[in-house]
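Remarks on the structure that follows.
To keep things simple, chains are lettered A, B and C as they appear, and every chain counts its residues starting from 1.
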C-alpha cells in the first residue's frame, strides 16, 4: 500500500472512532504494519491538521488519538446548536433516554448491556438537561446508581405519567424468533441446494 | 473571514454532524454567508476529498451532506467496527420496498397484488426499520393506509432523492438478449472451431 | 421424473412461475401452459411432501393455471371462421392476465435486485454518530429540549433493539457449529450399528435442544441422499424406522 493511502486509512480510522478515539497500537494492527512505521505517518497526519485550512485537529490523550474541533471555531458550533434544524438530543442520548423511560429504574451497566456501547456521556447530557435523575441505589456490591425519568421529562413529552408512554411495538420481541427460523431454513437450503432439476 | 477558513469551518461542521449530516442551508446560516457562495466552497471541499490522500469522502444523501469513509477501505473499518450501520434486508422486504419506492403512495393490498403474496411481515419489518412510513389514507371504504419511503430509506441506499432511482425497466429483455448473444457466440465458436492453434 | 426439488426461498407463486419459465427457457408471452402447470403442481406437491407450509396463494395460482389450461384445450372452430377466430383468440387469450402480472412482478423483482446492489455498496461505507455538542450549548439552551418527540424516542428504542439483535446472533452461530452435520451423521451411523442396523426415527431425537433436532434431521436427509440409510413408514403418522444400507 502507498504511503498516501495508509495515511488516508488512518484519517478514516480517526473519523469513525469519533469520541472514543483509537490507540496507535490499534491503528498499526488494523493496517497490519509495523508500529514504528505507523507512528511516522500518524505524526505527519497530526502535523498536516495543524494547518488553518483544516476544521479538525488531532489530539492524543494517554496514547489514544482522536479528532476534535478547533477552539477558534467554537462560535460556529454554538451557532449550529442554535439553528432550528439541529436536534437537541444526539442519537446516543435519545436511545439512552428511551431505555431509561421504558425500563426504569435501571443502572448504567444495564443500559450499556442493551446499547452495547459506553453510555457515560449521554447520561451526563440527559442529567444536565434535567430529563433523568438518580432515583436510588441498586442492591448488592457496588450499589450502582439507578436512573429514572423526571417531571421535566413528562412535561416535555406531554405525559401525565410514565404509564402513558406508548406501548413498545411487538415486532421488537418477535424478530429474534424470526431469525432463528431463518437460520433453520438456510441450513435446510444449504443441504438441499446441490439437488436441482 | 478567509476563503480557507470558511472551508475549514465547513469541514468541522461536517465532522461534528456525523451520520446525521448537515444541510447546505444550515451551513450557510451558521457561517452567516450567502448560500451561493457557500455552495462553491462546499463543492471545492467535496472535490478535494476525492483525492486518494483522503480517508473520508463527502456524500449528499436525502439533501444532507455527510462525511463517510471510502468504499475501497471498507476492509480496514470492518476490522475495527463490529457491525456496519445496518443489516441487510430479506428478499421479501426488498421486493416490497421496491414496489413502494416506485409506486408510492400505495396501499398494502396494491403491493400484494403485484407480489402475489401476503406482505404483512415485510411491511412490519420495513416500518420498524424506519424505511417506510404511513403517508396518508386511501379514499373510499376502509381508508387503507398509504405507504411511502422515508429519509432513512434514501440514506440506507445512498440516494440523494427518490428521483435518483433508476427508471423501472419497461420491458425486461436482458434474458432474450443474453440468449441471442449466447446463440451468436456459440455459432461464432462453431465456425471458429475448425481453426485452431 | 427425478424426485428432487430445488428449495429456493420462492417469494410466492409468481416468483416460482418465473423460475419455471426461466428453467424451461420458454417465452413469457407464449407460455406452454400444460408443461408449466405440470411443473408447478410438481413443486407444490413436493413442498407438501416435505411438510413445508404451502401458503394458500400457491394453491390459488395452481387453480388459476388449471383453469387456463382447460380453457386453452377448448376445441377450435373450423377454418371458415379462422380470421374472426384469430382475432378473438388474440383478445381472449386466457393467459393474458397472468402474463401481465408476471411481467409487472418481474419489473419489481429486478428493481429489488438493483436495491440490493445499492445496499451492498452502501454497507461498505462507514460513518459515526454526531458528536455530542452539549459543551457548546449556552446555559439557557442546555435546559431546552425542543424538537424531540415521543415518536423519535420510540424509534430510538426500536433501533437499539434491532442493533442488539444484530449483535446477538453471532453467539448463536458459534453455538450452532458445535454439532457439525458430518459429526451427527457419523453418530447416527454408529448408533445404528450398535443396535444391529435398525432404529426408530424418534429415538434419534434424544436431546430436546432445537439445534440438536435440526442437525439430526439434516443429518438424516444427508444420509438418505448418499444412500447410507433407508427410511420406512407403514402408515401415515406411524413410526418411521431407519435402517442402515449395507455398504
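List of remarks:
Operating definition for what follows: a contact is a pair of C-beta atoms (placed from the backbone, for glycine too) under 8 Å apart; a residue touches a chain by one contact, two chains touch by 3 or more.
Note that the coordinates shown come from a computational prediction; the quantities given were computed from them, not determined experimentally.
If the chains shown are joined wherever they touch, the resulting network links each chain directly to all the rest. Centroid analysis (C-alpha atoms only) places A farthest from chain C.
The most central chain, judged by the distance from its Cα centroid to the centroid of all protein Cα atoms shown, is B. A straight line joining the Cα centres of chain A and chain C is 36 Å long. Separating the CA-averaged centres of chain B and chain C is a span of 27 Å. In this assembly, the C-alpha centroid of chain A lies 23 Å from the C-alpha centroid of chain B.
Under the contact definition stated at the top, the residues of chain B that touch 2 or more other chains are 15-16, 18, 20, 67, 69-70, 77, 81, 128. Multi-chain contact residues, meaning those touching two or more other chains, occur in chain C at positions 9, 126-131, 133, 158-159, 162-163, 167. Across the complex, chain A is touched by residues 2, 4-5, 7-16, 18, 20, 22-23, 25-26, 29-32, 52-56, 67, 69-70, 73, 76-77, 79-81, 90, 121, 124-125, 128 of chain B.
Of all residues in chain C, only 2, 4-9, 23, 126-134, 136-138, 141-150, 152-154, 156-165, 167-169, 172, 176, 181, 210, 214, 218, 221-222, 225 touch chain A in the complex they form.
Within the complex formed with chain C, the chain B residues making contact are 15-20, 59, 66-71, 74, 77, 81-89, 91-92, 94-95, 97-99, 101-102, 114-118, 128-130, 156-159, 165-166, 168-172, 175, 179.
For chain C in complex with chain B, the residues that touch the partner chain are 9, 11-15, 22, 25, 55, 57, 61, 101, 103-116, 118-131, 133, 155, 158-159, 162-163, 166-167.
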